[in-house]
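Each structure below appears as structure tokens.
What follows is a pair of complexes built around subunit A, which joins subunit B in one and subunit C in the other.
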Partner chain A sequence: MLKIEKLQVHFGHVHALRGVNLEAARNEVLVLIGPNGAGKSTVLNTVAGLNTPTEGSVHLDETAIGGMTPRNVVKAGLTLVPQGRRLFGSMTVRENLEMGAYTKNDKAKIDDQIARWSEFFPEIGARLGIRASYLSGGQQQIVAIIRGLMSEPRTLMMDEPSIGLAPVVVKRIGVEIRRLNREAGIGIVLVEQNVEFALTVSDRVAILAQGQVVHTGPPRDMRDPALLAHHFFGSTPETEAG
Partner chain B sequence: MILFLQHALNGISLGAVYALIAVGITLVYGLSRIIHFAVGELVMLGAYVAWETWRLTGSHTVGLAAAAAVLAVIGMITERGIFRFTLREPLTGFIVSLGLIMILQGIGIEIWSADPRRADPPLAGSWDVSGLIFRKQVAINIGVSLLVLLAAYAVLMKTRYGKAVRAVADDPSAAALMGVPVRFIIMTTFIVGAALAGVGGWVVLTNGSISPFVGEAYLLRGFAVALIGGLGNVQGAAVAGVGMGVAESLAAGYGSPGWNDAYVFGIVILILLWRPTGLGRGSSGAHL
Partner chain C sequence: MDWLARIKVSPLTPYAGVALLAVLAYFFPYTSPSNKTLSLATSVVVYSIAASGLGLLWGQSGQLTLAHAAVFGLGAYAAALTGKFFSLGFVAALPVSIGTGLLAGAIIALPSLRTTGHYFVILTFAIGEVLAVVQMRLDWLTGGANGTTTPVGTQSAFGYALGQSKDFYSLVVLFAAIVLMLVCYIMRSRWGIILRSIRENADLATSLGVNIKLHRLLVFSASGAIAGLAGQLFAYQVKYIAPTLFTSQTSILLLLVVLLGGKSYLLGPVVGALVYFFLPYAFDLTPIQSQIAFGAVLVIMILLAPSGLLGSIWRALHRTRAPKAGAKV
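Here is the complex of A and B:
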């Protein structure tokens, strides 16, 4: 269980998160949606330890992980697959996956995991020795997700994994995400702009607008054009933060 | 032809030092984005540590080990005491390194005076291979430099630590998300860079005489080499270092001696105009 309470983040004068409350259970896929600049990435980055919150708390099960270094967050069992994949472009695919297991020391087990994922994604397995920057966007996204899984997280956060990908690849990633949750028991928190994708993959959705969670509910809520319009283009002006 | 080979050989031994220095510069820059100009002074300190150790023990081998070890400690002190506070503003780090040049040079003059010092050559004599004169010490120096460079390269490519260094150079935030202690890894590049400069200092000492001002020439050449190799590119720095040494030696051999630096830096400028980011692929690492 990931529990975020009253989380506030400032970037200089920008008040990016204004008291975010959010819970995500291990047995669900939670999708966080919201307009550009709402603070979705900031939520994930802060939980992962990249930003220091000015207020509020974050718990992963019993452990208080708010304000921890990224390294300790990973060790506590939570890993973020960042927006834009962020692979190590000059390193090989295999080295990228090894970096994902940086907090682990069991070399044999790491090799074993890489072999298992290679079987599962043969197109990745065939390219382990290639520089990551030479892969297609879809392949890079799959490597980014596997790299995140190499740390054996209890909860995996993903920031817009579908962005820039062909529909067939998006569909495949959606299937994999649900499988990870149902079969491997990994809690999933996903940030998405692609509402269609969010609908098919999620158990529950939360809408973030202007640094606050303004709505949580079942996926079908996203079928409600009035609700979406209200929170995406809605009544409150976007200029407030600037 | 013999003469050409002779110049080329001398050039390789010169270039090996440039390569050592440039690899340190490029590592530090690649991870911290700090242009560390005091590296010439680190070479100078390494040379004096080697000289003092030789006077004390009579051993150049101990001198080499001491130069690397003491400079590693100095590298750590400068990072902990100064550069870590400038990581968010690499330009400040650069200015600070300029100040450090003055301080370290001042310390050098204070302790050892401005008079040149030299050590007895560790290995006298030379081999004569059909007219090609090969000073034994030059062979040792090339061997030591090459060995150190190869070891650094192997560590970078093959070990867990080396992979973390490359990951931080590529993308520090992503590396942090993998659990890499980014600040610690950056600190180690200051240590390794200074130790490499220390080894360079030993080579400078065994090649001739040293003074507190010996760093300047190595600073300029080290940076030129790092730029040509592509800042952040370790292999590029190593190769460009040797190339620079050979070019310099040939220019000295065939051109008029007074124009030596002009020739060499003329070539550097032309290369950088043609390829502003150097001949190698630089580090594309994001900023901290």
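Here is the complex of A and C:
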């Protein structure tokens, strides 16, 4: 269980997060959506220890991880798969995965993990010796996810796993993410811009607007255009009607 | 070139390669080369060592520096001055010059913990120049612009007479072999992977828990230690050192050597140094002509072969293999 309470972050004069409250259980896929600049990535980065919160707390099960260094957050059992350039391109797939186990020292156990996930994702298992940049976009995203899993997290956070991928590949990534949650029992929190993808992959959706969580609920809530319009564009159902 | 893919590469192959190369280089004096050739060969080996330190730093961890020659110079001065003032012999001076290089490397790394990219490179340029000025001004210690001599005399170390060019060359080859094997070990170790991950994407490495500052500090120290060792060998080779030998111009020369061979390859610095010293000799170029030639070579390399001569050769050999990996999801 990941529990975020009253989390506040400032970047200089910018008040990026204004008291975020959010809970994510291990048996669910929670998707955080919201308009640009709402602070979605900031939430993940702060929880991962890349930003320092000015106030509030973050707990992973019983451990308070708010304000920890990235290394200690990873050790506590929470890993972030960051956005953008996902892999160390000139390194082999295996080396990328070994980097994911950076906080582990047991070589045999690292090899076990690689073997385990190679079985879970066979097409990656067959490509361990290849330069990561030679893989397709979808394969690279899966390698990034496995790299996140190498530190044996209980909860995995992903920042826009669908970005830059073809629609058919996005669908495939969604299937793998759900499989990971159901079969491997890893809690998933992800940030998405692609609302369609968010709805198919999630068990629960949280909307973040202007640095606060303004709505949480099942994905079907998002089928309500008025609700989305309200939180994304600031218009209310009344003004829409008028 | 399918046969290339089929060769099973043992983890010991690169070490065996370095050993073979070292043996070949070690017996080079038995071909009775001219004094000029032998002296060039010694320079190649000394610069290979210095450039290997830079290769580790730049090629592996991706950190460019223009102060490498300054660290190299500090190693040279450490050896020459401890010999002059404390009568330290070659062997006794080794830990001093290596330690000086290590410490200097670590100190230069300190600003990189706050500044990165172009600003850091400019800063290393300034540090290099300041060190040259300090060497110039500390007359009483360094002899200022007149420089200082290395008391080689009739010393011998590990059974090699240091004043004899053939003996000294052989000794330098042994040091180079040790350094290359050490760098090879680092490159293939877990630390090597960590350094490359920092080069590729520092933010991503941080998110995986890598303490980037610590590893920057460590790799700068390792690179500095290698430069310090090379500095001492240089001081014993040329027997006379002056501040002008260690300005950022020499740093750029070292960068060129590394770039020429291939900055991410173990033997890149060796290949680069070979080309740098023997090309002008082979074509009988005047110093000015060779400067122009290397300027042109530098431009061409950066534009057409940024991975250096070894990188180009490697790619030519593997061209037929690359498409196999591109299969779609």
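Simple rule for what comes next: the second predicted complex is superposed on the first by the 227 of 242 C-alpha atoms of A that agree within 3 Å, B and C clash if a C-alpha of one lies under 4 Å from a C-alpha of the other, contacts with A are read in each partner's own complex, and residues count from 1 in each chain.
Definition applied: a contact is a pair of C-beta atoms (placed from the backbone, for glycine too) under 8 Å apart; a residue touches a chain by one contact, two chains touch by 3 or more.
Since the model is a prediction, treat every value here as computed from it, not as a measurement.
Undergrad: Is the arrangement of subunit B and subunit C around the shared subunit A a clash or a fit after superposition?
TA: clash
Undergrad: Tell me which partner A:Y134 touches in the superposition: subunit B (first), subunit C (second), both or neither.
TA: The answer is second: A:Y134 touches subunit C but not subunit B.
Undergrad: Could you look at A:Y102 and tell me whether it touches subunit B, subunit C, both or neither (first, second, both, neither)?
TA: In the superposition, A:Y102 touches subunit B and subunit C alike.
Undergrad: Quick check for you: in the superposed arrangement, does A:S90 touch first (subunit B), second (subunit C), both or neither?
TA: both
Undergrad: Please indicate which partner A:F121 is in contact with in the superposed arrangement: first for subunit B, second for subunit C, both, or neither.
TA: The answer is neither, since A:F121 touches no partner chain.
Undergrad: Which partner, subunit B or subunit C, is in contact with more residues of subunit A?
TA: Per-residue touch count on subunit A favours C.
Undergrad: Kindly classify A:V169 by the partners it touches after superposition: subunit B alone (first), subunit C alone (second), both, or neither?
TA: second
Undergrad: Could you look at A:F232 and tell me whether it touches subunit B, subunit C, both or neither (first, second, both, neither)?
TA: A:F232: touches no partner chain.
Undergrad: Starting from the residues of subunit A touching subunit B, keep only those that also touch subunit C in the other complex, and list them.
TA: 48, 50, 70-71, 74-75, 79-80, 82, 86, 88-91, 95, 98-100, 102-103, 147, 151
Undergrad: Under the definition above, what is the set of subunit A residues touching subunit C in their complex?
TA: 48, 50, 70-71, 73-75, 79-80, 82, 85-86, 88-91, 95, 98-100, 102-103, 123, 127, 130-131, 134-136, 138-139, 147, 151, 169, 172
Undergrad: Under the definition above, what is the set of subunit A residues touching subunit B in their complex?
TA: So the residues of subunit A in touch with subunit B come to 48-50, 69-71, 74-75, 79-80, 82, 86-91, 95, 98-100, 102-103, 147, 151.
Undergrad: State the interface residues of subunit C toward subunit A in the complex, per the touch definition above.
TA: My answer: residues 190, 193-194, 196-197, 200-201, 203-211, 264, 322, 325-329.
Undergrad: Write out the stretch or stretches of subunit B touching subunit A in their complex.
TA: Answer in residue numbers: 160, 163-164, 166-167, 169-171, 173-181, 281, 283-284.
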